[in-house]
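The next part holds the structures, each set out as structure tokens.
What follows is a pair of complexes built around subunit A, which joins subunit B in one and subunit C in the other.
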Partner chain A sequence: MSRELFKFKGGVHPPEHKAESTSRPIHAAPLPKKLVIPLRQHIGNPAKPVVEIGERVLKGQMIAAADGYISTAVHASSSGTVTAIDLQPVPHISGLPDLCITIETDGRDEWVAHAPLDYQAMEPSQLRMQLRDLGLAGLGGAVFPSAVKLDPGASHACTTLIINGGECEPWITCDDMLMRHHADEILQGVGIMRHLLGSTEILVGIEDNKPEALDSMRSAAAKLDFAVEVVKVPARYPGGGAKQMIETLTGRQVPSGKLSTDIGIQVFNVGTSYALARAIHHGEPLITRLVTVTGHVLRPQNFEVLIGTPMHTLITLAGDRDGTTGVLMGGPMMGVPMPNLDVPVVKATNCILVKSAELFPPLPKALPCIRCTRCADACPVELQPQELFRFAKAGDFGRAQEYHLFDCIECGCCSYVCPSHIPLVDFYRYAKSEIWAREKDKRAADLARERHEFRQFRQEREKKEKAEKLAAKAQAARAQAALDQAQRAELAAAPAAEGAAVSDTDAKKALIAAALARAQAKKSDAAPKNVDQLTSEQLHQIEEIEARRTKIRELARKPLESEEKKP
Partner chain B sequence: MPSPFILDRTSVTQVMAWVLAALLPGIATYVWLFGPGILVTLSLATVTALAAEAAMLKARGYAVKPFLADLSAIVTAWLLALSLPSLAPWWLIVTGTLFAIVVAKHLYGGLGQNIFNPAMVGYAVLIVSFPVQMTHWAGPNELTSVHLTLAQSATVIFGGDMPRATLDAVTMATPLDALRTGLLQQLTVDEVMTHPIFGHYGGVGFEWLAGAFLLGGLLLWALRIISWQVPLAFLAGIWLTAGFLNFFDAGRFGPPWFHLFAPSVMLGAFFIATDPVSGATTPRGKLIFGLGAGFLTMAIRTWGGFPDGVAFAILLMNLCVPLIDQYTQPRIYGGADKEPRA
Partner chain C sequence: MLAAIGVMVLLAVAIGLVLGWSAIRFKVEGNPLAEKIDAILPQTQCGQCGFPGCRPYAEAIAKGEADINQCPPGGEEGVKKLAELLGVEPKPLDEAHGTPKPKSVAFIDEQTCIGCTLCIQACPVDAISGAAKQMHTIIAAECTGCELCLPPCPVDCISMVPIAEDLPHWKWKHPVVMMKKIAETEGA
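Moving on, here comes the complex of A and B:
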């Protein structure tokens, strides 16, 4: 191919170990007696169960519905009876159990009614809802709900669609085998993606260590009525990472903290494309996938596996051997150790890698970092891993963030090349989790402080309102009293002035009454003296108090607004 | 244990072993052209370094075996030994090695923690404290009348009876020393260079030794044990500074090729300035580090109090490493072109 390729920085060449599992054809794994289907198999909200214990379900029947936009449905992989909806061990790095639906299969493998979808006649949004209900998620590893990724959005035009057949991790061959044997269906899926995204350029990137897959995809692409360029890319880990594949094929980098769609590129794994074709052209939800079972087994090979099949059944099928030292889900660079082998195959399970002491010797003890920067040379994100390590180890998480800790994709290249054998990625995971925990704590503390401040403000406000009310009442009462007194005094003074000549005693009486009235009036005037006639010092103090109050009120207004916003 | 579950085969021990291997052409040339005395120096420095390393590891509560096996102490010992005059007395070698391993390495926290290159600290202590003994350089065989055997060299080094006259017959001023002395006597460069010690590019014998170190250095680069930035920038720093001075006054400043083809420069450029622990880590930082060390070497040779300046230049640049690294952080994948200040 004449296409100009670009080189992403860094990367490593670990031994590939691909040939072990590609010599045997794909086998359909037999139907297990029990399927354990986790509700959280994708990124986003876990699916919500829509069946009950004891209910009979059919193959392909939705057993848990998508919950929200970033979510996707989960289906029964075979017919049978729901026996439990509870916490079960799942293949996750945390090792914590998660909510699963257990189905006792009846061996009949009876399908629910399903039919192809006429996707070209459907509204795009309606089609995406259908795909969400068919449980589609990215099968390359991240298991992001595909319906979301197939929405080009209002502003993003996904002019370039990249189909990722890189599969750069050692040992894993499920994408390779899928491309060898199902190239036509993969490209049917690409046609549907093209329809939804409106892409004008379609590239399929395949590493040069998969010549059979390249041939098969190229001959399938030649039969299409739209242009698909199948590009051979040099094999280098992590060249199958979405960002690395984008750079290799287009020479462009996804800006830090942004998505590839921001530069008009969308990337799907070949397995996702195949699943999409099955969903549209056969109406089948995502209930099976290809899984490579390899490593320390007698017959390494790829199986077509029902989601929910316990992993140990596959290892038995491939021929388990003595001397197993552990099992990984995924490859040796980014795989996750399995807590036990009862855990089910999920949508993200591309490989079950059985370890032995010969294939995976225990890692030697770490020596101090000698700052040789081999890690920096190997880092595909062009970070300075030796500095990140120093900061993470010292607990200087702020500096680690300044040095772009969160751009790390945990590909493991740095740990792989480190001559001191330092488990660098562990330190980055630790630093990231510490930072997340602190952010969470900080948010909780902020919320608590806001609540406390608002409570103080409210108490202050209530106290003040009460005091104002009381003061107003007292003022009114005093004013009324003063008015009464004055009227009485006037009434008493008037006849005295008129009938001055009547008698001296009367005049005297009147004079006394008037004097009394004046004295009374004076007395009532004097009552509010403590607020009317204040010294400048007192006034100043009052101003200060008022200023403090307004400040508190302003402070308290913010939390008040945020509290109002809450549902 | 979380991922990754596989490792590249390279280990610190391997890296150090390759550094030692890359020094062998230089050592062989040394023996061939200057006599076998250097082997005594190398052995004594190695034994002292290993003993000091083991004692310090034990005192600090570390496992002795894995750290001793990393070979880093031997690398330090060899680099120091190759920097010392080949007929320096035994106590000078022991003092320098002890200072390098005990003070410069372990008191700063051991492997990976030393901010200064240990071998260069050892060298600097000796040249400041014992300048006279630091002139016991064996002259090239081509120019000396007496050629010492291995046993005779050992006798000299361990302070055995050796007539003063014989020692004078074996030792000689180095070309850099000769140039410096000559220039101080108001001679021009051309006049000084008529001295028989001066060869085609550097000194007789010395230029071959420089070439052998260069060869070993290129091997390290080919194996990607060292990056190209530091040696190239270091040599460029020397060449540019010397060339600039020589261009303006060829009578008072030596020619750039002469300054470049000194064994100390090649050893410094490929084996000492490339020490990862005490050097800069970023690509641009390595260039600055190398250029700075090259310039300072020339500055010390020209205006300083010592005939050579590689050791002090590298130590001074070691001081600047945290600053250089902080301000030369490279752009990351998908990052903005201008990095925020760290």
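Moving on, here comes the complex of A and C:
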């Protein structure tokens, strides 16, 4: 093992605190009464529910399907009944709820029918679809849908595949324990990745503070029929970051704004590789993961936990203690505080770190930046944290972006070394989310502008069309009038043949006469049809009525006549 | 000597021709300043600035006929950006044109809607779908929250609903607490 290693810039050496949780074996956490399974556990579109309230589901049954390419499915972690599909608290710093499926478990833990997949016989695209439907997502922290990462794309093959066994955050040991106890299965997963990506070089990077994991992975690798190089790398935070691991192992840097695949390298976490092996060789979807429960608890250890298990049950299992000052999901460097402990374990939950005042004394008050540039020396991405802080604080996001804000991996090295205890990373997170929100607003404004302009164009067009229609109508009316004139002339032409002088009044009279004749004809058409065969009695009645009518008519006409006579 | 003058004259004529041609060929369409101002305006199209939409307001600013502080949806930040673009001092929003409100979308109570189409005619971005005597609905993703559809509705069935904060819309807050502490110590 004489591979040349490279050193990434910066980094820090925080106290490790790993031994606390590695001294006990992995325990399976008991089945909880209630599982709350969020539909947004991965990057990309949240999954769409495919079950209904009241439906009985089996362990491993898909309860929400992937929605789009960058998405992945979500499964029932145990058998039971769906009792709710609604907003529930999720492990997010905001404390805001999100759509979850709640399952009341029945204790039988009954599996849905599942079988291994013959991945070598399958079309790669079909295999990736299967992985998406098995809910696979990166377990290293970013939770990116694995099926997407396993697509080498049309142009660039991933010649180098790196399996990241670096677990640089203090306190966390779940990857370490996984490598110690499941090295064979991790490497089975690597075989499937190699098959999909066509990689020729496979490297496993493990830090030198995990000798047991190194041994077990090496002996497992020796049994394989393809070459896997297990490399010991020096432990330094954040050496387990994907880009830092790439640099340590290959000496190559991923350019700013690029992906590692752009330089022909793909990186997977050991946990993802293990989950992939379970999915392919056992047909099991991603419904469980290892979680380190450590910090201020009686028995720090790793649990195998069903996704959806409430965090407080794990803390109780590990033995909760008085004097807890808070709980982080993740480690002390990058972890996020949990708003409450009813939130479920999700695919991204690698560690539940219980804090106390002794283990995590509250930070002293932040002081102004003294521009000592210690943060810049510690930054593994070679940024200028003090400048980023200045711009973010002042809301000058344009300048922050010019200083490569989006290359910041939020590792926290800068905050860790800052003598003024400035929570630098909080400022970068704030600036990033502000910039995203602005971009969203900008897109909305562009859409509104477009739609407004289209509306104006449409109104203009409608006005024009209306005017044209009106003009056409007027034109038609004029043409009709001309035609009528001609017809009248024709009508009048009859008397003209008799030698009488043709005049307009004559034509009019003829028209009126014609109209009268038409009205007469109509009247006779409308004449009563029930007066044909009447009895003499009926005839008599009719005569009487007619007589009355004439009388009334005469009566009515009389004053008129008299009036007429007056003048 | 003469040859030199001749060359210079020829050169001048040639360059003049190229310049003249490119002035016609690469003519900038529209008013580029108004374009830039319009890009800053929020495109709510609400008319609170006193112009029938953002574009006319942008043109008025470009011509110097309107002040930069008349757009409430743009807020103080919009004024600041306009001031920066035009190289003038930012000033507080002119209250006469209204005050900024939280971002909202219109919502039609579909039980009450009588399908009169009056709101459709008022919406500047065609964000309402419906037909005569049919129930109408707002396409929330396209509604700018301009409130122009509220007054024409004869049965008052449209209301403005503030956009609730949910996970996809959540933003990290400015670390205010820490800022205060820093300010304190800086002041001390």
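Rule of thumb we're sticking to: the second predicted complex is superposed on the first by the 446 of 567 C-alpha atoms of A that agree within 3 Å, B and C clash if a C-alpha of one lies under 4 Å from a C-alpha of the other, contacts with A are read in each partner's own complex, and residues count from 1 in each chain.
The definition used in the following text is that contacts are C-beta pairs under 8 Å (C-beta built on N, C-alpha and C of every residue); 3 or more make two chains touch, one makes a residue touch a chain.
No experiment lies behind these values; they were computed from the predicted model shown.
Legend: residue contacts after superposition of the two complexes on their common chain; A:368 is shown touching both subunit B and subunit C.
When the two complexes are overlaid on their common chain A, residue A:40 makes contact with subunit C while staying clear of subunit B. When the two structures are aligned on the shared chain, A:426 is found in touch with subunit B and with subunit C. Contact with subunit B, but none with subunit C, is seen for A:380 once the two complexes are overlaid on the shared chain. When the two complexes are overlaid on their common chain A, residue A:254 makes contact with subunit B while staying clear of subunit C.
Of the two partner chains placed around the shared chain by superposition, subunit C is the only one that A:94 touches, whereas subunit B remains out of contact. For subunit A, the partner with contacts to more residues, out of subunit B and subunit C, is B. With both structures placed on the common chain, the touch criterion links A:451 to subunit C but leaves subunit B unconnected.
Annotation: subunit A residues 365, 367-368, 423, 426, 429 touch subunit B in one complex and subunit C in the other. If you check the complex, the residues on subunit A that touch subunit B are 8-9, 12, 14-15, 93, 170, 243, 247, 253-258, 328, 330, 332-337, 355, 360, 363-365, 367-374, 376-377, 380-384, 386-387, 399, 402-404, 407, 410, 412, 415-421, 423, 425-426, 429. Those residues of subunit C that touch subunit A in the complex are listed here as 38, 41-45, 53-55, 124-127, 142, 144, 165-167, 169-175, 178-179, 181-182, 185-186. Residues of subunit B that touch subunit A in their complex: 1-8, 10-12, 14-15, 66-67, 70, 72, 110-113, 224, 227, 276-277, 279, 281-282, 325, 329-336, 340, 342. Taken in their complex, subunit A has these residues touching subunit C: 40, 90, 92, 94, 96, 98, 365-368, 393, 422-423, 426-427, 429-430, 432-434, 437, 441, 444-449, 451-455, 458.
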